[in-house]
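The first chain written gets the first letter, and so on, giving A, B, C, D, E, F, G, H, I and J; residue counts start at 1 in each chain.
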Amino acid sequence: MLYHVRMDVRVPHDVEAATFDRLKAAEKARAEELQRSGTWRHLWRIAGEYANVSIFDVADHDELHAILSGLPLFPFMQIAVTPLARHPSAIA
Amino acid sequence: MLYHVRMDVRVPHDVEAATFDRLKAAEKARAEELQRSGTWRHLWRIAGEYANVSIFDVADHDELHAILSGLPLFPFMQIAVTPLARHPSAIA
Amino acid sequence: MLYHVRMDVRVPHDVEAATFDRLKAAEKARAEELQRSGTWRHLWRIAGEYANVSIFDVADHDELHAILSGLPLFPFMQIAVTPLARHPSAIA
Amino acid sequence: MLYHVRMDVRVPHDVEAATFDRLKAAEKARAEELQRSGTWRHLWRIAGEYANVSIFDVADHDELHAILSGLPLFPFMQIAVTPLARHPSAIA
Amino acid sequence: MLYHVRMDVRVPHDVEAATFDRLKAAEKARAEELQRSGTWRHLWRIAGEYANVSIFDVADHDELHAILSGLPLFPFMQIAVTPLARHPSAIA
Amino acid sequence: MLYHVRMDVRVPHDVEAATFDRLKAAEKARAEELQRSGTWRHLWRIAGEYANVSIFDVADHDELHAILSGLPLFPFMQIAVTPLARHPSAIA
Amino acid sequence: MLYHVRMDVRVPHDVEAATFDRLKAAEKARAEELQRSGTWRHLWRIAGEYANVSIFDVADHDELHAILSGLPLFPFMQIAVTPLARHPSAIA
Amino acid sequence: MLYHVRMDVRVPHDVEAATFDRLKAAEKARAEELQRSGTWRHLWRIAGEYANVSIFDVADHDELHAILSGLPLFPFMQIAVTPLARHPSAIA
Amino acid sequence: MLYHVRMDVRVPHDVEAATFDRLKAAEKARAEELQRSGTWRHLWRIAGEYANVSIFDVADHDELHAILSGLPLFPFMQIAVTPLARHPSAIA
Amino acid sequence: MLYHVRMDVRVPHDVEAATFDRLKAAEKARAEELQRSGTWRHLWRIAGEYANVSIFDVADHDELHAILSGLPLFPFMQIAVTPLARHPSAIA
């Protein structure tokens, strides 16, 4: 099942740079891993913002939540989840 | 270039049913045509709402606007466009 | 899977009373049918508003959308869908 | 009487980890206790967010406020309360 | 139990004047009746707006909803209900 | 003259507990004093939130502002003031 | 006492032109009368919008409401009232 | 002086097509005239929306309001005006 | 030319009291100076809030920005500027 | 292609003055460089706010994002990007 997820990352300026770099590296590795597994289907950067739009393909809400809440940057994210159904005019 | 487009359709109840059916049919045909051409890359229904999230792949803003403003249901749509850049963690 | 759905009903005053009554009766029958099937798990009235909070238990987004968009009052509804995951502190 | 309660938890990053863990453990214990007593009827995680939707069954507003304001994580919560009445189409 | 209720009245200009006058008269009569019974405890006009803030004293959510949804102007109202608990610093 | 005042209290977590307790005690004493004088006519807790709805009866805006801006917790409050006029259907 | 009042005028396109012209003329006459009496102290047009910011000097909320709700265009206005107190740095 | 103006055009569906076409033609002619005079410095279409962002260069607020409120489509526009000052880093 | 300016002052609690007092004193002195020069025409306190509504009379946007951005409390202010044109019904 | 970009700068008060000055100087230098290259076509200060409206002329979303996310003050900015298409009434 497909979920549209918007993630806005807001990291306070007084978070130590080393901590932030470590989190970003872990986030990148995890994102790549999930993309390779087909779970994280699409990952796009919203131009001009520290935010992304993603499409996840997972079995259910629980799996989605486990993935999102397990992301290294989750504590600094504002997330909006929108369930996507099949569109009657979609040809794919 | 990729554009994220959310379309919310709001058709007043006093629009004649025949007119509305004609517009919906024309919208469906146009959507299918644009998907076959690769322009309308993704078309998902937002579950529970008369709205969709779409990803368009077009050359520039002018082409996007021509397509969207030319959609049969455009006069009854609220549209939000978000330009999508390449995400540094995207593997595709 | 569980979905939290808020439905706000807004019927313009110039909708014919007979049409509105017919829609309300059909809506009530459909709601009762879906509750008996276990799909529409909870249906609560938001005190003071022509709105409800409901919990649906369906297989996936497509099934949810088919149900909601098929409701007789759907054209007059503003709907917000929120996917519900299992809470780590839930004992049920 | 039933109350729909949405709780969004926002814990600043500079809250000491030990304090936060202690609060989370106390919150979990309290939530389980209230569920066993039937007061906290439903507790669902909003997929993708550090937030929950809950249904409380209490005698009145005072009891609800005492419970919510007594939750260990209350100081870090944004709470919205919606009173739920019986829906005319509810069969339960 | 006390409920804080804000009612914003919005009557489209094409509602027949006679209908509107009849509704207003019925609304006034009903409001006076409920005040005499002690149910509608306070009724204040928000200065400059066709809106009021009211305090209702009723047994539960169902009674509140029955009263509000039964008001003659209910179809033209936007209503927000806020449950009021006892304040720890209240001396009354 | 009556003023409807909503006060939302937001105290950052890094305010010293002793300071916060002192402010709360002073706030409580001041609220009780103003209630005894009839100025602070009603003080209700919004169930589930660190917020109140109050009705003040004062001579004019200046007196209201002096009272509110003089409250010990004022620096941590978000306040909304709504002037209340006499409602044509009010019987009191 | 001074009140800051913002008035946004929204007249549906299907209001008869003659009716609208009559209302506008009556509104203008009333505004001029209230300015001459010193009640309507300031009347400014918000550049680019069919809206104004006004400062009223009246005895109390009731008088303000009587004036505003009596304006010919009141049924087509969205009004926001803000009570103004004396500023500690004001020299006038 | 420069003003940033956003215009969102919302024309109800029951406005006669001929009237709407006449207004659009008049709007286009007026826009072209004002651009030639240098008053309407920039006119851009917001991609995907029946809206534009414009930069006006006029003497003062009164002249801006006269121009905007005189536009044929003004009754169907929602307009937001933002005064633009010289930026300290602007080289032009 | 007249500008309507709303200033909301938000000073974090961990700003040193001495710094804050110095800024407030400087702000008061500057406001009085600008009022004496006729630039700061009106300065009203929004009752109940650490905010003011002001009317400035300056030559252009640049002068307004220089004044506002030069205010001692500017770094702690949220400011909204609205250009005011002459109202057709204004008699002054 | 043209992009409308609004940048609101919010720098917490506890950012060291020296750091902030360094960032501002680097931001100014970069802005001037991009203006000279024709990329940053327009840069206007929003009167009264620490914010600007800019028009960028770049090849695509990726280039825009690289520029904006590379700005020295980017971590302290809230940015909104709006793609601009050619307006049918634009004469330039």
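What we mean here is this: a contact is a pair of C-beta atoms (placed from the backbone, for glycine too) under 8 Å apart; a residue touches a chain by one contact, two chains touch by 3 or more.
By chain, UniProt protein names: A, B, C, D, E, F, G, H, I, J = Muconolactone Delta-isomerase.
As the structure is a computational prediction, the values presented were derived from the model and not from experiment.
Engineer: Could you tell me which chains are in contact with subunit B (Muconolactone Delta-isomerase) and with subunit H (Muconolactone Delta-isomerase) alike?
Structural biologist: Per touch definition, common to subunit B (Muconolactone Delta-isomerase) and subunit H (Muconolactone Delta-isomerase): J.
Engineer: On the document's contact criterion, could you list the chains that touch subunit E (Muconolactone Delta-isomerase) and likewise touch subunit H (Muconolactone Delta-isomerase)?
Structural biologist: Touching subunit E (Muconolactone Delta-isomerase) and subunit H (Muconolactone Delta-isomerase) alike, sorted by label: G.
Engineer: Out of D-E, B-H or C-D, find the interface that copies I-J, where copy means more than half of the contact pairs are identical.
Structural biologist: Repeated interface of I-J: B-H.
Engineer: Fit subunit E (Muconolactone Delta-isomerase) to subunit I (Muconolactone Delta-isomerase) on CA atoms, both being copies of the same sequence, and give the resulting rotation angle in degrees, nearest 5.
Structural biologist: So the angle, rounded to a multiple of 5, is 180 degrees.
Engineer: Which pair, G-H or C-D, has more C-beta contacts?
Structural biologist: Taking the two pairs in turn, the one with more contacts turns out to be C-D.
Engineer: Just give me the whole-number Å value for how far the CA centre of subunit D (Muconolactone Delta-isomerase) lies from that of subunit I (Muconolactone Delta-isomerase).
Structural biologist: The computed centroid separation for subunit D (Muconolactone Delta-isomerase) versus subunit I (Muconolactone Delta-isomerase) comes out at 42 Å.
Engineer: Where the centres are mean C-alpha positions, what is the separation of subunit C (Muconolactone Delta-isomerase) from subunit F (Muconolactone Delta-isomerase), in Å?
Structural biologist: Each chain reduced to its C-alpha mean, subunit C (Muconolactone Delta-isomerase) and subunit F (Muconolactone Delta-isomerase) end up 39 Å apart.
Engineer: Could you give the separation in Å between the centres of subunit H (Muconolactone Delta-isomerase) and subunit J (Muconolactone Delta-isomerase), each centre being the mean of its C-alpha atoms?
Structural biologist: Centre separation, subunit H (Muconolactone Delta-isomerase) to subunit J (Muconolactone Delta-isomerase): 23 Å.
Engineer: Of all residues in subunit F (Muconolactone Delta-isomerase), which are in touch with two or more distinct other chains?
Structural biologist: In subunit F (Muconolactone Delta-isomerase), the residues touching two or more other chains are 2-3, 12, 14, 45-48, 61-62, 64-65, 81-86.
Engineer: Okay, what are all the chain pairs that touch?
Structural biologist: Those chain pairs satisfying the definition are A-B, A-C, A-D, A-J, B-C, B-H, B-J, C-D, C-E, D-E, D-F, E-F, E-G, F-G, F-I, G-H, G-I, H-I, H-J, I-J.
Engineer: Which residues of subunit A (Muconolactone Delta-isomerase) touch subunit J (Muconolactone Delta-isomerase) once you look at their complex with the stated criterion?
Structural biologist: Within the complex, subunit A (Muconolactone Delta-isomerase) contacts subunit J (Muconolactone Delta-isomerase) at residues 11-14, 45-50.
Engineer: Could you list, by residue number, the parts of subunit B (Muconolactone Delta-isomerase) that touch subunit A (Muconolactone Delta-isomerase) in their complex?
Structural biologist: For this pair, the touching residues of subunit B (Muconolactone Delta-isomerase) are 2, 4, 27-28, 31-32, 35-36, 42-48, 52-53, 55, 82-92.
Engineer: Given the complex with subunit E (Muconolactone Delta-isomerase), which residues does subunit D (Muconolactone Delta-isomerase) contribute to the contact?
Structural biologist: Answer in residue numbers: 1-3, 60-62, 64-65, 81-86.
Engineer: Can you check the complex and tell me which residues of subunit C (Muconolactone Delta-isomerase) touch subunit B (Muconolactone Delta-isomerase)?
Structural biologist: So the residues of subunit C (Muconolactone Delta-isomerase) in touch with subunit B (Muconolactone Delta-isomerase) come to 3, 5, 12, 14-15, 61-62, 64-65, 68-69, 74-76, 79-81.
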